[in-house]
Amino acid sequence: MPSQQQAIRLSLPSKGRLESGALDFLSAAGLRIFKPNPRQYTASIPALPGLGVLFQRPGDIVVSVRQGSVDFGITGIDVIEEKRGGNGDVLVLHDALGFGSCTLTLAVPEAWSSVKDLASLKGFSASLNRPLRVATKFPILTERFLNLHQIPHALIAAEGTLETAPTIGYADIISDLVSSGQTLQDNRLRPLPDGVIQPSQAALIANRNTLMSRPEVLEMARRLLEYVEAHLRAEANLLVIANMRGESPEAIAQKMFTQTIVSGLQGPTISPVIVRDATSHWFSVTIVVHRDQLPQAIAELRSIGGSGIIVSPVTYIFEEEPPRCKAMLEALKQETAPC
Amino acid sequence: MPSQQQAIRLSLPSKGRLESGALDFLSAAGLRIFKPNPRQYTASIPALPGLGVLFQRPGDIVVSVRQGSVDFGITGIDVIEEKRGGNGDVLVLHDALGFGSCTLTLAVPEAWSSVKDLASLKGFSASLNRPLRVATKFPILTERFLNLHQIPHALIAAEGTLETAPTIGYADIISDLVSSGQTLQDNRLRPLPDGVIQPSQAALIANRNTLMSRPEVLEMARRLLEYVEAHLRAEANLLVIANMRGESPEAIAQKMFTQTIVSGLQGPTISPVIVRDATSHWFSVTIVVHRDQLPQAIAELRSIGGSGIIVSPVTYIFEEEPPRCKAMLEALKQETAPC
Amino acid sequence: MPSQQQAIRLSLPSKGRLESGALDFLSAAGLRIFKPNPRQYTASIPALPGLGVLFQRPGDIVVSVRQGSVDFGITGIDVIEEKRGGNGDVLVLHDALGFGSCTLTLAVPEAWSSVKDLASLKGFSASLNRPLRVATKFPILTERFLNLHQIPHALIAAEGTLETAPTIGYADIISDLVSSGQTLQDNRLRPLPDGVIQPSQAALIANRNTLMSRPEVLEMARRLLEYVEAHLRAEANLLVIANMRGESPEAIAQKMFTQTIVSGLQGPTISPVIVRDATSHWFSVTIVVHRDQLPQAIAELRSIGGSGIIVSPVTYIFEEEPPRCKAMLEALKQETAPC
Amino acid sequence: MPSQQQAIRLSLPSKGRLESGALDFLSAAGLRIFKPNPRQYTASIPALPGLGVLFQRPGDIVVSVRQGSVDFGITGIDVIEEKRGGNGDVLVLHDALGFGSCTLTLAVPEAWSSVKDLASLKGFSASLNRPLRVATKFPILTERFLNLHQIPHALIAAEGTLETAPTIGYADIISDLVSSGQTLQDNRLRPLPDGVIQPSQAALIANRNTLMSRPEVLEMARRLLEYVEAHLRAEANLLVIANMRGESPEAIAQKMFTQTIVSGLQGPTISPVIVRDATSHWFSVTIVVHRDQLPQAIAELRSIGGSGIIVSPVTYIFEEEPPRCKAMLEALKQETAPC
Amino acid sequence: MPSQQQAIRLSLPSKGRLESGALDFLSAAGLRIFKPNPRQYTASIPALPGLGVLFQRPGDIVVSVRQGSVDFGITGIDVIEEKRGGNGDVLVLHDALGFGSCTLTLAVPEAWSSVKDLASLKGFSASLNRPLRVATKFPILTERFLNLHQIPHALIAAEGTLETAPTIGYADIISDLVSSGQTLQDNRLRPLPDGVIQPSQAALIANRNTLMSRPEVLEMARRLLEYVEAHLRAEANLLVIANMRGESPEAIAQKMFTQTIVSGLQGPTISPVIVRDATSHWFSVTIVVHRDQLPQAIAELRSIGGSGIIVSPVTYIFEEEPPRCKAMLEALKQETAPC
Amino acid sequence: MPSQQQAIRLSLPSKGRLESGALDFLSAAGLRIFKPNPRQYTASIPALPGLGVLFQRPGDIVVSVRQGSVDFGITGIDVIEEKRGGNGDVLVLHDALGFGSCTLTLAVPEAWSSVKDLASLKGFSASLNRPLRVATKFPILTERFLNLHQIPHALIAAEGTLETAPTIGYADIISDLVSSGQTLQDNRLRPLPDGVIQPSQAALIANRNTLMSRPEVLEMARRLLEYVEAHLRAEANLLVIANMRGESPEAIAQKMFTQTIVSGLQGPTISPVIVRDATSHWFSVTIVVHRDQLPQAIAELRSIGGSGIIVSPVTYIFEEEPPRCKAMLEALKQETAPC
């Protein structure tokens, strides 16, 4: 189907935490996936006409983007680093989508009380008279890490749950993805504090060649990045409106400039409030506040006479110069194209 | 229970895509369904006191509204057209609720390579020496369509999956609801391009006699339509706020009037922004933008100096003269009542 | 684990309607629960660093808060009253979180046609020649209620479904939680109108001693109450914006003051709207409207020339003096601390 | 696919109690269904090579057998009687497969205290001033029954749950399938004792024309009936073996002939038991006992000195002249063919 | 419903491992439960007409049998001992139904390395300066056990999972049901080797008074015990048939008497086997072998020339004098009645 | 845990069709798995004390057996051949357990109408100007097969569903496991008739070194093979008993020897049947019949006067010289040990 080859395609994880994370993320960013039939392996995003959506396993997404059979992918940094290869065809457009967090880590049996870190692991394995057997699904990253730290080892590939490998005798230690650590703890394993091989979360990748050769793909990359960044920024902020008594907008603004959070970067929007039987002037001030700083902002507004404080949600915040978009153009050496 | 007969009642689909669609739609429209016990067949809508909610199969809803045992129903246009009868008792108040989309369509086996459209189907069936056997759950609409196109046929009723009928030998072709087309494709069937019998999506219906004889039901119809229309309009729009430098609100507005999208129908709301150590005036402009035009609106705002662009969600947009409400009153010939 | 004892801990219901209710409530209040692994019995709330979350059965939560092994709990008023004991260690911070509503009620077999209320129940039980057998999971509240009304009885504890007890012969009547009444009806039981032992919904409780001895726990209580109250207030209101023609903001405000709902408590925020080719002045008015009064507010705005009415959601509304926080400080006799 | 038309085909119910009943029944009869992929709509029975299996809704099975698109079907007598038509094409080979029992019955609201039977229903409906509205999914059987009893009525077709129809006002009474009666009771309906329209259970049907024209289909019918009858007979019986002391096989048999159950139709199989240090002769007797009579058979055996009684399961019991097979041949007027 | 009071009633567990265990056990014993509707709380056993079946929580079953509202119950020994009270109304008919095995056991945190048994627990708790807090759902058995071993304690009732109680700080140790020990291990708890309070498995109980006053209930008890015992015996045995060459049945038997397992209690059943072109005599020997001894029995049979060894299942083995039935009659002091 | 290393261990598939197949197979063979807690990764087989059971992914089982961390495994021949390596450590004890059947096969897009077999595939791929891209999870077997047939190719590893790979453009063709072919058909792929790389079903494997060095493991292998073979033989046969009139056992046997199926290998067991008022002698004959030949056996018995034919199930059939056990000993070159 040659026409299908020409469509622009985004591949999403087909399973597990990354799948639900990606669907929720895109939906929250205004890019809801429409998949009319559960048996279909393709879907669309009504807000992005021209973009087809596929579902693949996380690792297959990296392979597909690398060989160019799909143009964009959302998947974990762990498999991106494991499978991206060395030719630079996989370009990371956004490396912090804020979901799917985990860490590829070395873990040893709790019972190995003498092994506290990589140094003591190295000592312990020297006493084994054979290479340390390390079960993993990430042979390339694990090999590179163990070689870097000069720990003699034999890698053992596994299909299923790695955590039981040391108890079964399938391997001595494991190199596995850890999120809460509960599964390790249930299996009496302990992560090594300096055994972090690769921190990971969901990222957006693209095929570099396609971005350079097909302008409509580059345009879609810009659009995707714009939505993603404006959404992530909006998620972290809230619109705060307070009523305040004062002589003039300027007087009110001066009071706000005395504060830490609500002084803002650029200054509040100020509109008159008309009160019945007014003996003094009232104004409504509107500012954007970071979600983490909300309690302090409320306290500050109250301290300068703010009342009736209303907080509203924000869907997007668009910046003037989206940094990820600029980074993409630099990576493609196409600085002339505007973001 | 006579008192129950006097309550106003709305019937919702009890199963499948239409059920979840209706619950999601009403909830998003601020009319969340409250059903404290899953075994109950009735529920209520806290925001619409006085309205009882029932759950029935899509087709039973049409029959109930037609015979007046319930007052309002939300169900598919497909079953409305199949079961509304000819006496005009079923009045369609809103025919595009935006969910449950599908199409009642004729589909033939992929292997019938010579059958490309209704004309060639007619030719093919003439060569059969017997009427074309057509399996369907919509005998009235299918009969009418086949007669209109003068295709000799025998209808075969079916309870279960129609798509396997041609392979089993239960029928030659089918007249079935199609949404994504995936199920047809899985069963090696092909829809005829001019075989569309009835396009469908969810609609709101009411019993015409009840609307005319019971003023409180007519009032409820107005309320329902008002919420539904204000919600559908809100879903399609976003509130966009940008900061802009300028001499005066009027100067800013003039810049916006040069643009296509952000020039708006009526003009922006403009409020002063007080900046620290200001050497020039800043204003905040607020406009409503259609969701589909957001990227272009952002580009236009940037091109005339807009920055710090914030996008907020909208819950309802109320128009001055709700057209569906007026259409209802006209259908009831009660033009004196205001909407 | 001494460090864990020092953390501040909130216990949530681990099962059923109260569990999903609590998770939805906290999430809607901006306090989303993060539980990376379903096998973990602990979780966290990213928006409230320093607070650990546990999951326990509703009744165990009251015991844990009473004995101080956890600091805060969200659970039903029914089990709070049953298990709080008499020493005042369990302090109710908020008694109306708006979910998990039900009522602890006496219910008798439908077939007991002569028993209409407590008085006739008393008469009927006198005719039994033995104490009335009452099955319940709330022995303390039920005992107190039956004694108060001087109904001789024998309580029968039960583990499972109480509703079948009268039919099995396990008991004569039951004292059970009722929400929709459907389960009673399915089992041919009838609640007594004056048999309400305890109305219930979800509440927030804390250990009084911990609040008094650990300032960081008192501070967390303030933070929790602030979020909860601002969220509950926001849920009940909407932000309404309308455009209106008028000579001046003051003139517009005067028109609004003639109305019932939109006259507001404090007065509208009014900003100019700049229209193309304007022959008259337009303004945008913004007010906060209670969700229940929205239809009337829309009607009033239209009646004074309001058009293009936009309704937006609100996330929080912060009052100047949160009443529940003040009540907590009074209960702790720590009036000097500000809320 | 002409070759598929020539295969012999059996259609099984695709849903609900009849589906699981049919799969369990055939498996227990040694005719396990093999369906390698859940998405396939066809399957096979390894013990009956040459027979293809389809899955259809119960009513569609009758239509398929009637029009000859499948050769055999297992479905409920209720839908067989409703949909078999009058031309005799549907031949019932076995009408008591022992699963899927239910009854098509008239049920009235519990509150209609004066309506006790058909006679009082007739009286009541006469007082209505309009025909009795009867909701049903079996219009043909219900029509015939109501006409037979001269009850004026209007039938109302329904897609979903009928039991709520009287409460909703959708109909006055219902004609519905009843198994335990619990669903009627939950909905406060009462079956009329003489309102039984059609008792039902699963039956095996075939297309009469195919049986007559295709010898291999007739042979398959014989095979199916042989397995089904031998299995049903085996299910009802057990093999009982007891040790007994006696002079000779004949003496032992005489003792057994004095009893009621264990005297058997034909007499016991008797084999010697060789005991160590024997002072008397021992024998083992083997008889077939009906499952319902097992306790009495054990008592009888004990009363004549039986000990060490062992009971074994039976898979099939083949009779000399299978009655259903003979009945089939008679119906086809092919008495010369042996069974 | 007086008639219902007169029916004989058996109560089964309504939940969890005991429920599925009881259903499987009764079905395997030929007493399949028939429950036509999942919403019904009653069922029947077609093989035992006259016996009604109820479903209750394990503990409620004991209360029901004790107060006589049901006649028989199958539930765990753990709750029987906890709730049977002291008046002897609950009679245990069979105490080893072979499913639902678990043990009520004291378990302490793994971290308490000095606590190895009850003695060291006593020492440890003395060092606490307060009573040991013990969380349990079995207060009576636990209280009795701790008093017996003179361990000062405070019991803490819990509704939900006990295993997390020590980590939460809800209690110091727990007294809980343990089957595999996995849940304890997952929660870092360790059972005390001499901390076994009550071993448990499913048992059959009856109300003593009903057995004595209602002969039909006593007869049903006999029938139940007969089926249960014959089934349990059959489950443990297999029927083994071997062909063997020999001069006579007696010669063959003598060879078998030289062996350990196949020499049997009573001697083999021996029948002639007629072989084509026979130069020597062949016989078939049939014996009953305990399932655990099957491999050795096969080896013994082979060693004396056995070939073509066939093993068949057994459904029941009835003994001459069922011991549990006799024990029941003795407990009721009704020795004259035969078993 | 040194003691655990010394236990004998069997690893079973932890997922999918192979898991349920293995559990059902072992249970039917009298080797039911006991796993008291679903979270445990180990289990036991009560009938085989001393054998521990693990659950692993199919491929990990082969690796575990090869490296000796477990002693026995049941898994698919497909992964055994892919992962057994070349050193002969994996010994296949039984290669036809009768479940988990599938075939590793090459499949091409349906649309490649010119590609009918390997020869035309080779031709087609020559026209591609690049190696044929073949997606597979079995690189070793696929590589070997493609090299053998001299088809130039590039293998592409995949984690997820292979069947969509050609449509996505991820690969040109696939080498995948096929059972019913439905999934291929759904994805418009076609298996090549001579593209079968490896037929597969479940097999029992062992570590060769452990068998040779640990006699208790060899003994367990004998026990496992004995059970497995006796069960598989029993599954295919039934015990048939018929009554027959005749002068003597010999006369009856002669009649049977005239038939094809019931003449048997060794001759029938014949016992007298004592009939009431007998005018002739009756005998019971017992034979073993292959399940597939049952209908013919019944016909033959009837033709020589057999009546009252009873068929019983068989649990095991033990042969004198189990061939798989002998094959194992030969493979281990330990012919002196008896089987």
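Letters are used for the chains, namely A, B, C, D, E and F, taken in the order the chains are written, and counting of residues starts over at 1 for each.
In this text, contacts are C-beta pairs under 8 Å (C-beta built on N, C-alpha and C of every residue); 3 or more make two chains touch, one makes a residue touch a chain.
All values reported here derive from a predicted model rather than from experimental measurement.
Taking the definition of touch as given, a chain qualifies here only if it contacts chain A and chain E alike; those chains are C, F. In this entry, D-E is the pair from D-E, A-F or B-D that repeats the interface of A-B, since more than half of their contact pairs coincide by residue number. With rounding to the nearest 5, the Cα superposition of chain D on chain E corresponds to a rotation angle of 120 degrees. The distance from the centre of chain C to the centre of chain E, with each centre set as the mean of the Cα atoms, comes to 47 Å. Chain D and chain F have centres, each the mean of its CA atoms, that are 35 Å apart.
Chain geometry summary: the mean Cα position of chain B and that of chain F are 55 Å apart.
For chain F, the set of residues touching two or more other chains reads 39, 186, 271, 312-313. Shown here, the protein chains touch in an arrangement that is not a line, ring, star or fully connected set.
Pairs of chains meeting the touch criterion: A-B, A-C, A-F, B-C, B-D, C-E, D-E, D-F, E-F.
In the complex of the two chains, the chain E residues touching chain D come out as 30, 36-37, 39-40, 47, 223, 226, 230, 234, 239, 249-250, 252-253, 257, 263, 266-271, 286, 288, 312-318, 320.
Considering their complex, residues 1, 4-5, 14-15, 39, 41, 54, 56-60, 63-64, 67, 69-70, 156-161, 164, 167-170, 186 of chain F touch chain A. Contact residues on chain F toward chain D in their complex (touch as defined above): 179-180, 182-183, 186, 238, 243, 271-276, 278, 282, 284, 291-292, 294-295, 298, 302, 307-313.
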